[in-house]
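Structures for review follow.
Below are two complexes that have subunit A in common, paired first with subunit B and then with subunit C.
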Partner chain A sequence: MKKFKFGTIFVLALVFVVAFGLSPVRAESPSEGGDLVVALGEDPEHLNPALTTGYPVAAATANVYSALTWRSEDGEAQPDLAKSWDVSDDYLEYTFYLQEDVRWHDGEAFTSADVKFSMEELLANYHGRFQDVAERIADIETPDDYTVVITLEEPYAPFLSSMTVFDAPILPRHLLEDVDDYGDADITTSPVGTGPFQFVEWERGDRIVLERYDDYHGQVAYMDRLYYNILPDTASRTAALETGEVDYIMGHYFPRADIPRFRENPDIEVWQGIRIPALWFAFVNHEHPELGDPLVRQALMHATDRDLIIELSQEGLGNYKIGPMGASFEFVDFPETNYENLYPYNPDRARELLDEAGVDSLDIEIIVDPAREDLMQAAEIMQDNFRQIDVNLSIDTQEREVMIENVYEKRNYDLSMQSFTSGGDPASGYHRLYTTQDFGTPFVSATGYSKEEVDELLSEAASTPDVEERKAVYEEALNIIAQDVPILALYEEESVDVNNAKLRGLRESLDVRDKLNKIWWSE
Partner chain B sequence: MSNNSSKDSSEINKIWYYFRRKKLAMAGLVIVAMIFIMAVFAPLLAPHDPHSITRHRFEAPGTADHVLGTDNMGRDILSRVIWGARVSLLVGILASVTGTIIGITLGAVSGYFGGWVDNLLMRITELFMTIPRFVLALVVISFFGTGINRLILVIGFLSWPGMARIVRSEYLTHKSHPYVESGRVIGMSDWRLIFIEILPNVMPQVVVVATLDIATAILLEAGLGFFGLGDPNLVSWGGMLSLAQGYLRRAWWMSVFPGLAISLAVLSFNLVGDGLNEATNPRLQSEGFNTAESKLSGGKT
Partner chain C sequence: MSKKGEGRSLGQYALLRIAQALPLIIAIIIINFLLINLAPGDPVTALIGEFPVPQEYVEEMRANFGLDQNIAVRLVRYLGNVLRGDLGFSFNYRVPVLDLVLNRLGRTIILMISAITFASIVGISLGVAAAKWRNSFIDNFAVAFATIGYSIPVFWSGQILILIFAIWLGWLPSGGLQSIRGDYFGWALIVDRARHMILPMLALSLRYMALTTRLTRSSLLETLNSDFILAAKSRGVKSRGILWNHGLRNAAMPIITVVGFHFTFMVAGSALVETVFGWPGIGRLLYTSITARDFPVLLGILLVVSVAVILVTLITDLLYAFVDPRVTYD
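Up next is the complex of A and B:
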């Protein structure tokens, strides 16, 4: 009896050990099913990503369309519609080998003709960022249905990273070749793509509905449906996440002030970091008699408490230990060009530099778009900072359109707060801050700064695909720029991304808007 | 016309007598006086520099250093409320004066001359009354840019129609009074009759409307500030509220105190305006009119 009991206990114990010890308690595996609700802060103007670079349009269509490549979190180009590619030794010829058997959501076959048509007819004419690439493209050839050969005029370092769905989405030729006005085409409001989700409906101002495309050429989506709920009011947008009505708010649409509250919520995951770097800065008009002097600009850098600006206007999300082109790209980050080493916050030193420049006191204005609260707050902090060195900075709020006219077209300003995205590569987004620019082009340098040497070095850097060589060219260029301080570079932004804590597989792509097919529900 | 000054002072005494007896109006007057003191002596009264930005952000009210707490940029809210009184009063009063000058001119000309002039001016006035003032102000300010001078001018140019109509109706009745008729007989010019003879008699009504216009102008300024169209270099209550809406859950004190200040200012000017209206309007002086009249004139009637 006693023996039997002992044996029973032993067997029971063994069963328990097997049941709990060997079962994969914590190892989750992706599961199919469920819906994902994403909040958008604004209704897209249409759903054609080839005609605009607007944020909501790309957000709503990045999973309907695909492109030759996509960029993983580390920024590397990954195969998408192109299953592989060859690059010639002189970096002038790119041969893309396309996936076969890819079908558009309407059943037509996808071929290299779609790629050529999209790039030549649509993107080169209408897509703001692709136009920079198109200027360097000499020729696009399609030797067969599944090969595309792109020849460049000169090497262009960010070329492969410009082939994503955000910079070069591929649209169906068969639905667009006979259309006179692309803006009026059916596809502009009901998209037909090759992406992991297909379009179901768009209730304007309310929501956009997508569903899984089972014949997708890559990882078929886990979610059954994808809803983009349009919630323009920030308070109701964040409340919707708390109540579970919405599962995911991309950083672009998440109000910074709510971050501390959501960090304390165990049902919500708050991700923080730098994905596509963006620089916050103030343009300086070099035609201004005092501001044209590099000593004065260095003094203003010393006088600006960049750390305080990040703490107060960005809830601490940002990095002020940066050089002229930030610090996120390793190949443009050098200790000797870092503004925190060169011009740390030091009002006394700032005053000395002003004295050296023979400037007693200064009355200047800063133009700010009042809709940009972060820029307004940064300007107010600079106003308070500058008072300590006898520089009277008055804030002039101008609506975006007026600001563009005064700053870029007329250059009728002293300082102006701005933020520019890098576009994923300094050559795409940051070179325009320091190269010689004519009057009138919006969103390039408005300073009037012009140095032949810098222009040549930056142009060389853009056409040097080898990273180590490129880094050496940048070092030379940035050493000149860091002494001239053409703009007051404040910080590089860190972004947040906020979602239901039960979601898995987010943020595998560099841009949070695409590859939502990789997301699944844990439980 | 020789005893004009003594007639004026007895008129003021009479208005003050009636005004004093209205408790709400007196309460309004006290608050208005307090706001005036705050605005004039802001540099002495404010414990901190209202623009001074610190790391002590979102401090709750009640500490010795920051009685009303601090905002999202670590600025002292009490100091900002005190300095905000300057902008509100300055814009309120100057805009009301601008509107009053325009309103009196148009109303007087319209009421005195009548005929097609009256018709034309009143149609223009009605046109201005039908356009939503706030929306028009938003458009004009965002087009021409912000700044306190522009705020005063825009709000002033938008707040004359009410004044014009009141003044016109007063002139309509006054122009047939014997003193005007006799002035005309002895050869006084129209302009002299309008601005020197009739205007002083219309002043009580003008003051009432102008006081109420101050309240409206303060509210309009706060509204524009709320939409980010105030003067970004000055502290204003509307601007403080605008900033606070992003932090409603995190720092209620950022919105409560400037909100309270706006409400009190608007309310108190309205109370004073209503009190003045009742004190100057014989029909509203209702009870005890005769006794008061006899007391004031020392029983000599």
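Up next is the complex of A and C:
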């Protein structure tokens, strides 16, 4: 009996020792120090996130500037420069209560006047992602230094999620109010923000250096310094990650074909998932005599092997069982509007539809930017697919700037491969694919598709904050769109990021370019 | 002016050549300006990002860049500015073009000079050795090296060098201007940058090394078979003296021509090398400026490079006389 008791104590003691011995490994705590090197594939044009929505500019400035809110992994708006907010019952009045102890990196105090100035003078006039919000803003008031009241003309469902640093970065009024041309202002090349990192230097073509801002209003960064290393060659970026010269490459900047190579490397962590959905598709010019017929477009959908495209051009990372606005947002995903149910890969059915439309054979061209390898591969597969239904598709490679001119400004094309981001909400990024658009505007629908009913329904969906009600409106709109097939929607992409396996705290924000202050080195 | 029959002095000759180059440079500016401005693609769309912006913004930017003016007006204005030494303002980088181009040109020139020096030293030595010990192992090696080295595209050799020296062996950095994490100053910074330059320099020099090897070998072989070499041998000049003083000096003309010629072609080669190795030089700037339709930078680079090529050609011509006393400046 006594002996047994002793044994029990011994075992218990052993358990304790093991448990305590292991606990530091299980629950690592964040440690301060070290540097983070993030690869960028191109030099940003400048460092003013209010003047462009270009990817590298936003990537390099998302941690220098802040905004009223940021979006966590689940897409919810979190307090940033606004510590809290009230929303009126009719969703027309948003009152933001600002953090009171925030200073710009140059020491000036941040106030509500900065918010008003940024939105009215900068974002409304220059920022592509702020336009949908700007159209609905009736008034911005600043009753005191730390309160901003924004009144809308009509509700806007993604309003709070459109207040992030990617949609509505807040810039310092005191450095911009006396400037004539914002493009030439000093802070356009050496930014002064309220973010967790402050700007140190930009060696054009080589690196951008940021360092920790100790007075940051949120979680002070763990890293001492944040470097953006500009490496234009994809193979070199991969090599730099393997040699440890670079710690983090966002999915935008490496070819999918490298994924297997990264997975084999124990020093590299591969993350995959859908954060901000993005749609890969082909624009169709509805002014083309045959392509203007919905039957022909339905036929082309039936003829496209979307599964194969994902398999061959995306290493299998993507979802082709989608509707006109993808399938990632639950409130736009309906079985009866899913293209996989409506137009599954079926060349025979495609041929029947063409016969029904009275089209014997068709000679069309597809414009592709040759720098986009994935789009090139997709176009090649479509070329092969279409051949089976007597549609001769020739691939016309056009460099991005030329493509923009021909597709958007002149609408001189038949088909064109594209990818659009949702921007975090269908109303921000996907509505522009189906609404009536002025001829000549870049980065919106270039199809010429125009249906008043669809315009009205989508506008209603954007101004319906209640999710269930909004879903019902989308169902109605998408039923019309899915029959019309204005564009050939191919798939929604799954993102992949690669990073040094010793990094922790990555991707806490919905947009992975943001909140790098939360990243730390284990060990 | 010199009298007929007397050669011009070196200085006079150089001045004359420069004077002849001026109209050429102006013609180059005009042709480049028209070609670039008439090519499809709008610089403004490159700058607004990936979402639509108000039309007023696009108009404002176009007016700021002067793109709303007639092309003839813009050309005349540009020529006037260039004559005053103002190459304009980059659409893309928001800095004066001249600063940007000179900063990048410096880095490319460092890379090119070290590559040419290295290629010339190794290429000429290998070529001389091959010619001296004809049909030996070293000759066969030199010929094989010349053929292979000349055929390998620079972006491929660059990747192979990265694979071997950066990834497998870990001896040298895979790219960039300097260690991104290191805060080096003074001597340590120079050493660090030199380490970053080794692989791009090797990649860039390989092709020229091969070409110089082949050229030195064939040119020297031809010279060594000449009558005056036979005469020198019969006078009892030592074989080393024949090889270096009689042979190489007489074989040098085509080598100098090609080395000077390399320089101009290297600007093109450097665009690839600089992209592969992330070296922020002029070749890469040219590439980014083309994709961004950054007209002022593009014109600035073409102008600076044209001037550099004209200067190098002039220096090459002047070197002829130094090597070959028979050349006069008529």
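Worth a mention:
The definition used in the following text is that the second predicted complex is superposed on the first by the 499 of 523 C-alpha atoms of A that agree within 3 Å, B and C clash if a C-alpha of one lies under 4 Å from a C-alpha of the other, contacts with A are read in each partner's own complex, and residues count from 1 in each chain.
By our rule, a contact is a pair of C-beta atoms (placed from the backbone, for glycine too) under 8 Å apart; a residue touches a chain by one contact, two chains touch by 3 or more.
Computed from a prediction, not measured in an experiment: that's the story for all the values here.
With subunit A as the common reference, the superposed partners subunit B and subunit C fit together side by side.
When the two structures are aligned on the shared chain, A:399 is found in touch with subunit B and with subunit C. After overlaying the two complexes on the shared chain, residue contacts for A:292 are found with neither subunit B nor subunit C.
Once chain A of one complex is fitted onto chain A of the other, the partner contacts of A:311 are limited to subunit B, with no touch recorded for subunit C. In the overlay built on the shared chain, the residue A:448 is in contact with neither subunit B nor subunit C. Within the superposed three-chain model, A:35 lies in touch with subunit C and out of touch with subunit B [touch as defined at top]. Once chain A of one complex is fitted onto chain A of the other, the partner contacts of A:236 are limited to subunit C, with no touch recorded for subunit B.
With both structures placed on the common chain, the touch criterion links A:204 to subunit C but leaves subunit B unconnected.
Set side by side, subunit B and subunit C differ in how many residues of subunit A they touch, and the one touching more is C. By the touch criterion defined above, A:128 reaches subunit C but does not reach subunit B. Taking all C-alpha atoms of subunit B against all those of subunit C in the superposed arrangement, the shortest distance found is 5 Å. The contact surfaces that subunit B and subunit C form on subunit A in the two complexes overlap at residues 235, 399, 402.
For subunit A in complex with subunit C, the residues that touch the partner chain are 35, 37, 42-43, 45-46, 51-55, 57, 125-129, 131, 181, 183-184, 188-189, 203-207, 225, 227, 229-233, 235-236, 239-240, 242-243, 245, 399-402, 404-406, 409, 421, 423, 432, 441-444. Taken together, the subunit C residues at the contact with subunit A in this complex read 40-43, 45-57, 61, 64, 92-95, 100, 104, 159, 162-163, 166-167, 170, 173-181, 275-278, 280, 284-285, 287-288, 291-293.
Within the complex, the subunit A residues that touch subunit B are 234-235, 255, 257-258, 260-261, 308, 311-312, 368, 370-371, 373, 376-377, 379-381, 383-384, 387, 394-399, 402.
Residue ranges of subunit B in contact with subunit A, taken from their complex: 51-53, 55, 57, 72-74, 142, 145-146, 228-229, 232-233, 246-250.
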